[in-house]
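Every chain is named by a letter (A, B, C and D) in the order it is written, and numbering of its residues begins at 1.
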Amino acid sequence: MEGTKGEGQPGGGTMANNAEQPRQQDHLVRDGDFVVLKREDVFKAVQVQRRKKVTFEKQWFFLDNVIGHSYGTTFEVSSGGNLQPKKMMEEITSETKEAGIDNRNIVDDGKSQKLTQDDIKALKDKGIKGEEIVQQLIENSTTFRDKTEFAQDKYIKKKKKKYEAVITVVKPSTRILSIMYYAREPGKINYMRYDTLAQMLTLGNIHAGNKMIVMETCAGLVLGAVMERMGGFGSIIQMYPGGGPVRAATTCFGFPKSFFNSLYEFPLGKVNSLLNGTFSSKALPSESKDSISVEENNGVLLDDLQTSPKEMEENIIEVIENNHPQQETMEVISQEPEYKDQKERGNKKDYIQEFQKKQEQQKKRQIEAAALLNERNADGLIIASRYHPTPLALSLLEFVASSRPFVIYCHYKEPLVECYTKLRERGGVINLRLSETWLRNYQVLPDRSHPKLMMSGGGGYLLSGITVANDKQKPESCTVELEKNEEPIAKKQKVEESEDLP
Amino acid sequence: MSFVKYEELIKEGDTAIIFLGHGSMFPVQVQHGAQTQTKYGVIRHSAHLIGQPYGSRVTCSKGGWVYVLHPTPELWTLNLPHRTQILYSTDISIITMMLELKPGSIVCESGTGSGSLSHAIIRTVAPTGHLHTVEFHQQRAQKAEEEFREHRVDRWVTVRNQDVCKNGFGVSHVADAVFLDIPSPWEAIGHAKDALKVEGGRLCSFSPCIEQVQRTCQALAEHGFIEVTTLEILLREYNVRTANLPLPDLGGALDPLPVLGEAQFKIGVPLKETVGHTGYLTFASKSLF
Amino acid sequence: MEGTKGEGQPGGGTMANNAEQPRQQDHLVRDGDFVVLKREDVFKAVQVQRRKKVTFEKQWFFLDNVIGHSYGTTFEVSSGGNLQPKKMMEEITSETKEAGIDNRNIVDDGKSQKLTQDDIKALKDKGIKGEEIVQQLIENSTTFRDKTEFAQDKYIKKKKKKYEAVITVVKPSTRILSIMYYAREPGKINYMRYDTLAQMLTLGNIHAGNKMIVMETCAGLVLGAVMERMGGFGSIIQMYPGGGPVRAATTCFGFPKSFFNSLYEFPLGKVNSLLNGTFSSKALPSESKDSISVEENNGVLLDDLQTSPKEMEENIIEVIENNHPQQETMEVISQEPEYKDQKERGNKKDYIQEFQKKQEQQKKRQIEAAALLNERNADGLIIASRYHPTPLALSLLEFVASSRPFVIYCHYKEPLVECYTKLRERGGVINLRLSETWLRNYQVLPDRSHPKLMMSGGGGYLLSGITVANDKQKPESCTVELEKNEEPIAKKQKVEESEDLP
Amino acid sequence: MSFVKYEELIKEGDTAIIFLGHGSMFPVQVQHGAQTQTKYGVIRHSAHLIGQPYGSRVTCSKGGWVYVLHPTPELWTLNLPHRTQILYSTDISIITMMLELKPGSIVCESGTGSGSLSHAIIRTVAPTGHLHTVEFHQQRAQKAEEEFREHRVDRWVTVRNQDVCKNGFGVSHVADAVFLDIPSPWEAIGHAKDALKVEGGRLCSFSPCIEQVQRTCQALAEHGFIEVTTLEILLREYNVRTANLPLPDLGGALDPLPVLGEAQFKIGVPLKETVGHTGYLTFASKSLF
């Protein structure tokens, strides 16, 4: 079966020939790397480039100094926006932390802090680090010692957040990017919570060597997660509405180029023609609908561009907009990290030539994608879009082999109830399950352990199942009544002698 | 088949899942000449299974039929012989993501238990990664090794029969991730740190009781782990069915009475009883310093 | 307003004249009391009567011995079904409880218990108490000491449940009866979980002195809960479908007679006639639909009767069926605990005479109920039925005063979404809230604390809100557009000088 | 008005709730000649409020309008001045039921805090019961007493300014129920037992942290309390709105394509963020022996 799927696929990797060997220096940040900045629980995806000004949590700085350091290193912002590596934070001394038993003696009169705003500004101007400012604030608070330990911790945390600018550079991953998107731009990923994405990857049995169909409008996050789990082995056909697939989040993963060799895209608008045998690669969506393609394509990206001038309303990713003030359709087709070269070349004529070349390539890839789909032997289907799931599921399941899992995400429960019903009527699917997950984080501290006070109210719903041979679609199928039961109850025939397996 | 690679056709030696409907299923090992009894009658392996495509409908001797499914770690979790409490797919999903597992990851696990999580880990790290799994109960360690062979995933896993709290994982500075499901995880944190790569990695500890979590978090802090977070995940499943609410008889139409909808509709209702707790999951990163 | 509501209500209690002073011996069980039996977490409601055989958790016994003991007393079943008061259970001695660290040395071969079934039977026959049998089982278990403490506790609990028959007699309350019904006969209370009922009582601001409208098909449990919270002060009009209200659960509360003086019932089938002014008390449902009334009326009770012959499938209440093998319609009208007298009188002719007398009374009460409703000044509305909530809410809210809370329960969310929408269209309601509660119990034990492994998946949904003056229904009302917003946004007019309140 | 008895008309001295819409509201004390400023303009108490029925729509000076609501303990909980963390109606509901409160119940509470639960208890136990509430913070105790007077419920409540862990509730063997919301509830269990009636009663302790629960449960066992259960209750609220899912363009109808429903529908969606924890509730019964 592996052989069948590999045939005629230039980029369709097999288990052996596509393995990306981990490099020795993989844990060090290099120029051009896609990284994620972390401050407290806030993330921001960014590409490392020298002399590029990055704004994060109302602070700006340059990333030059992170190059060559290990992933996981923490930096402090010092004067001129330079990052200085920092050892682990020292704990506030236990002497300072002598705690009151309760708050009966605290009267809030707004006069408990002896340092004025001017004093604090003076400290800052003298170049005193945030950490020291916090320490001074504690020492100059008349009520700190009377606060309970809990209140003290809260105070410290609040002040630290205000005066310390500590940033950790971490490697992008599904874990980090899905948490980042859910926290900061959930609308772009259809409010899919990270644990819901985790369920999809497991329920979909995503693994190396699969041939997957992915239909998502989650900024490319779901696609990236599937690619991460496949590690460059196997192939993926991304179905897309409009002019081209959106892969802003996919880019943030910083996958090696080779991962994109076996990533195909196919327009949703040609699904029915493929299913009824009238497919033609002649009219590519990007040719026929050129005027709308940019917007459709890069809705997310343009969005980013529009908000980027406002310095305070920062975006969670600073990758694409900084490199391409004018986003081109072709960029979306294969977003390998080659922006820098383009920037250097950067004039309009080169762009047009390259655009035509890429369009040729796109046409070729679409024919390949169509061929892959036409084999109707995909190893799974993932749907996570803003569209009604029922028509997507009913048509895309036609391309999936039998005995394969599929997972459909929707922000709402009701459309999946309908989808469940329609899939039952269609037949060829078993083990249908409609579910959601409930997720709660905990604070675990000595004598102060409890669930976090706020939690997500909902992370979306999943409908999952397994494909099987669908006899209903054949003319010689049984009666509908029988099919409805998912399996027959036939106890009429005589029992044959038999022998159980050990 | 193997648990890490789909194949089209059922063949000798495969572990297949016989699906009877409504969540009822069981695994069989496919064997020339063997027969399996089901409530719908006999399945003859040579005639009904071998050479057939996975996902086929097999008509049993009594005329009833079943589906034969390709095994997956998730189906195995639902069908494996329980030698211990096992982890289910809801927890496994978040563990896999939060440990950042992917092809190529080197993972240490203890205990192996019934191998539910082990199969899911192997699936995710193959073909370039490896699982080192430690089980102190000898019988269980042996049985797990057998299953890995039967499921053709043994090249991606090493089973060790030892006490992780005393002897660690048997490997040093190789792991991207460590998973602990043992009664006293705090006693194994040092070993876990040792097993993880020098440049860092991820750790997860699963514990049913909050006191275990408290001690584990303390041990993690003492060993310099950072980003320590504890969470809990629960599955909420819905039955899809048709609900029928009668309209009350209020004694004839009152004018103006609003037009009432049909009182029959498709709904997703939560199960009356559901799993309320499996365990707390504590995640942490190995610090660089 | 209190005055208005009291007018023309013979039984409508006021704050002062209806107070039931607690009796000195109220905490002692008396003959005829409605009590609840408790074993572990299992409850059963029963009326205390001498020489009445009670079956509970596969054990039968007599309740004679509980009379005169305090509520909360625990009894053990001894020979002949007699109950013997019992001191608190002694803890299994710590010596026996020496625990293993883990389970690595346990091999389950089914031979770990040295006592045979015959040995155990012999112990029982000798009259050895359950507690001692459990102790013997522990001492004869070869693996007990190797089990972890957790496993030991589990073992003890399991064995205790099997061999110890310990029963506690508790006073009925909303807490106990709602937990009992949800655990054992949830279908009879429309799967309303006890915490959902708790929300209803609070959201409905149920308290002494209210004039409440209650429409429920929850076996009378919701009515009983409302009565408990009102303590005999104020009045309640129970709306009922079919031939008469069902109050099986209400009876289990064992309320004093006086509580029923201000409890009225009104047939749903006459609601529209009352609303459009054509109401007549002539055709009472019990006259016009006599043939179906018994079944409609006592569906729950007949159900109980049908299952009672099967000794093992016991019912959770043993009150009504034991007293009235043939349930009469009239019994449902006012179910004061006067069964005993009737039983003594007990012949058919008396019954017929009484039936007619009660029917007269019923007619009178219905006219009174109609008058109470017609004042359209109820202090609240509670709906918890198997019917679609929308038509009930739309009509019954007409009887409620403004600035009063209402709460609507439904097992499903979808009908309440519809009801929400229709109520918004109707107007005259604010602060609409659709919600459910999530409830989880914990095991708190030294070093073994965690949430209970199983929990309820859903306890039903609530739609609550507050009534206000509904200008929409008046001809001079504003435009629909304005009303839809719940309040207007009018910032055009000039600001008048004003002075804030301190 | 009083917080335990509905009245039809607004009168001098009443505490009324001004409802601005969409959950926005605030309390006012009604006073002849006074005015209240809202975003819709001024409310003149003498002209707009006094003598009007509760639930009326009041047109403010700018032409906008508000509703004037009769106070209830639940509305008060949403509008009261926070002097401490407060208990909300979801917890209050289960506390009231599990403590078996009803008219006539004698209840002890500590601490009074901002009086959120106190008002709900008084509402439930009136007119024949009583609340003894203990608050160690003097300012808070005084403020609570003032509010009880203003809300005309002071005859059903006694406020004591003392430390419940040291001095108890100030009453002995009178209570049907005791409620604790203090940092060290385990130190007050003995006093709670003493406050409860000789023949028994119910106890509830509210604690945000699990360690407090662990110590409290231990103290409860040591003092012979039985039926000790700990639970957690969370509100899950749904927004009702119209959802619109576009139908994807798959390039023209395929035969046979199932008929698709309208992609617009009314739904109840969970809030994106919600309260994940308030506290653990531990309930117990005073044993007879």
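Rule of thumb we're sticking to: a contact is a pair of C-beta atoms (placed from the backbone, for glycine too) under 8 Å apart; a residue touches a chain by one contact, two chains touch by 3 or more.
Remember, predicted model here, so these are calculated numbers, not experimental data.
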Checklist entry - Can you list every chain that touches subunit B and also touches subunit D? => result A, C
Next on the checklist: With contacts counted as defined, which of the two, C-D or B-C, has more C-beta pairs across the interface?
Outcome noted: C-D
Checklist entry - For subunit C, which other chain has the most distant CA centre? => result A
Checklist entry - How far is the middle of subunit A from the middle of subunit C, if each middle is the mean of its Cα atoms, in Å? => result 48
Checklist entry - Distance from the CA centroid of subunit A to that of subunit B, rounded to the nearest Å? => result 23
Checklist outcome for this item: Whole-Å distance, C-alpha centre of subunit B to that of subunit C, is 41
Item to check | Multi-chain contact residues (two or more partners), subunit D | outcome: 210, 236-237, 267, 280
Next on the checklist: Residues of subunit A that contact two or more other chains, please.
Outcome noted: 413-414, 418, 438, 440-441, 449, 451
Checklist outcome for this item: Within their complex, subunit B touches subunit C through residues 136-137, 139, 183, 208-211, 236-237, 243, 245-255, 257-258, 260-261, 263, 265, 267, 269-280
Checklist entry - For subunit C, which residues count as touching subunit D in their complex? => result 1-2, 4, 15, 19-20, 22, 27, 70-73, 87-88, 173-175, 178, 194-195, 197-199, 201-203, 205, 207-210, 228-233, 377, 379, 401-405, 413-414, 416-418, 420-421, 430-442, 444, 446, 449, 451, 466-469, 471, 485-496, 498-501
Item to check | Of all residues in subunit C, those that touch subunit B in their complex | outcome: 101-104, 107, 148, 186, 191, 241, 268-273, 275-276, 385-388, 390-392, 394-395, 410-415, 418, 422, 425-426, 440-441, 447-458
Checklist entry - What does subunit D use to touch subunit C in their complex? => result 4-9, 19-23, 28-29, 31, 34-37, 40-42, 53-57, 61-70, 72-74, 89-90, 92-94, 96-98, 100, 102-104, 120, 123-124, 126-128, 197, 199-200, 210, 213-214, 217-218, 224, 226, 228-240, 266-268, 280, 282, 285, 287-289
